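Here you go, one structure.
To keep things simple, chains are lettered A, B and C as they appear, and every chain counts its residues starting from 1.
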């Protein structure tokens, strides 16, 4: 078990956003987190990546207890995420966005830029080369100098994945990668997500699109009102009448996510 | 002519201070109210070590830098973990504490009467004593500081700072610690203030607490805010405008006991108008600078 | 022992004044997130308003306090509507608003000194400052008035915040601006109410302090840091906490004189404060902490 979420709950004031949730994520698999809106999926992402601390319960990564660790530390341990609202640096270029994700000992050094500048430039050149290769891989070759604001929405989504790859994290949490994309764009992104698995990454993604889920998910975790109601393959979950009732009955969105 | 040399010298020294403060306010969005006190820490440290302990000038200067950085670290490390507003209050408190120490610890600082007889800088035998010499010395120091800050801003760290201004959460999600960056900037900025303090003390040869009180902190902050973050050397213009301001008032022949108050009232008004109509200052925002990495892209 | 009791008396009086100053300031910050240091300027001007009503219009102290309070509320509303509201509409950052507030504070303090000079303007004392000597300590009627006024204002305001519709809206906006819309009040109205109320709360302290030691232009500026400290110590988001912390601060400042020479009192107080907030950032009654990064 690569990632274990054990009895995790989080409470805001009077509201319990996540309630005693348990599930595990296996290495080199694609796990999909599904459930109606407001079920707590993004909250779970926030908990796993350290942006929220659980009120009870614990989270373990490679047998290390990462509960309550700072987000930046968790990224360096190997878990990185995207955001539903992308959070790209819109005023900066594609290349700069990529470079900001590089795990570098000298990213915050103030002495090296002054006294060891040539050495720093060499490292930077190496990072730039890797960034350009990665951009090529995600399908943004040639866009390195473009200001993010000028990219199309689909291209911005590809960039979020490119940034994740630059972090060298093994576990990638994707928050609704398919939402807001048309069929053509989906055809650019979804094969990429599947290829990531072939690259030995472990993927946890939040998704609404049932076709996508059926085609790529190794495991599905069904969440409702902060609780894990079922874990299994896509077929198992979708053939459970109680769960489908909640999912399709209570005004949830399905098909193309919004 | 000496008047001009002195004006330029002080312009350079205050520019060093302002460029340092700009790192905090302009580039990182941390407002510090204690920079006059830190200037004072640098000044008193350098002066006392030269006078009482016989340290050579360069050593005193380095110590001034370190001591100022340490004072800042005392509040930066704990308060930047929390939120910017805490830092403002902590830095105000630090300003008052340090100022009161200057005034009260008479055995060491000589209190309000001030410390006279500070020696001139002795650089490997060459003594900088004429106003002209000191002017060139300060110009050199200012250039070094500008070059250093420029180098830091145009580096991976500078890139992190720029991203932090736009979206600190995204920065964290990519594995960089925002708190660490803020603390680094705060300490660097204070170290620069210490350097300016040393330059100031050995120029004036006499220092007293009044130069380092909270009103001075606000004036320095105004210079920085006026200039904005768009250019590393921008604060020099901010300093110039605010230094030249009293001269301007002299032209308008506003007389009597109220000159000081009118001047300060106008500073207040400038801050208000700036914030209402051009908060980014003369030179604009940090994001308006490019950081050079994009040149590499032209090859592809 | 006598010294201790005497210092308790002066500490209580001073603390009561700090309590009102902090509560007003803390209410504004806790609700709006705006570090409105111009509160110091309003505080200073209120002292002068009180002086004018008392000395020039000869209307007696209670009238002076009441009228000055109304002026303070108006001034608070005018300033926030003229300066902060346009900035809010332009999506100004809180840092920008703080700097504007700083500019206002500087402007106001120096306008006051141009209008009325640096020397304190003393109120004519009709006996309120005459000490009443008891066995172990003495106190002045003025000190009694201060403590009672502060207690009354704090109680009334806390009740208002708890029970009234606007009070609830204010507490709601402190949690989120959208909350106000849900209750059916525009956030702008709540801002106006908060600035009016916050300025009004500190007004009696301004007048009484001016009565005690004369109206001066820099009074507010010297005290605003204390108000900010009390607000943090008491817990952001808790006006009652701010008031209590102000009281404790006043007592501490005075009682410190038992142990430390007067010149070192300020240093000791501020250093102690720094140590405490680093240990307990949320303050004693903190409900909300200032936003984390």
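The working rule: a residue touches a chain if its C-beta (ideal position, glycine included) is under 8 Å from a C-beta of that chain, and two chains touch if they have at least 3 such contacts.
Keep in mind that this is a model prediction, so the values were computed, not measured.
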Kindly work out which chain lies most centrally, taking the average of its C-alpha atoms as its position. B
Taking CA centroids for every chain, report which one is farthest away from chain B. A
Rounded Å distance, chain A centre to chain C centre (Cα mean): 48
Using mean CA coordinates as chain centres, what's the chain B-chain C distance in Å? 31
Between chain A and chain B, what is the separation of their C-alpha centroids in Å? 42
Multi-chain contacts in chain A: which residues touch at least two other chains? none
In chain B, the residues touching two or more other chains are 172, 178
Write out the stretch or stretches of chain C touching chain B in their complex. 35, 83, 86-87, 92-100, 102-111, 113-114, 225, 228-229, 232, 263-264, 266-267, 270-271, 273-274, 277-278, 281, 289-293
Of all residues in chain A, which touch chain B in the complex? 49, 51, 70-72, 75-76, 80-81, 83, 87-93, 95-96, 99-101, 103-104, 106-110, 112-114, 117, 120, 124-125, 128, 132, 142, 144-145, 163, 167
Please name which positions on chain B make contact with chain C in the complex. 29, 31, 75, 78-79, 82-86, 88-90, 92-94, 96-97, 100-101, 103-104, 168, 172, 178-179, 218, 221, 225, 258, 261-262, 264-265, 267-276, 279
Within their complex, state which residues of chain B touch chain A. 148, 151-152, 154-160, 162-163, 166-167, 169-178, 180-181, 184, 188, 287, 291, 293-294, 296-298, 300
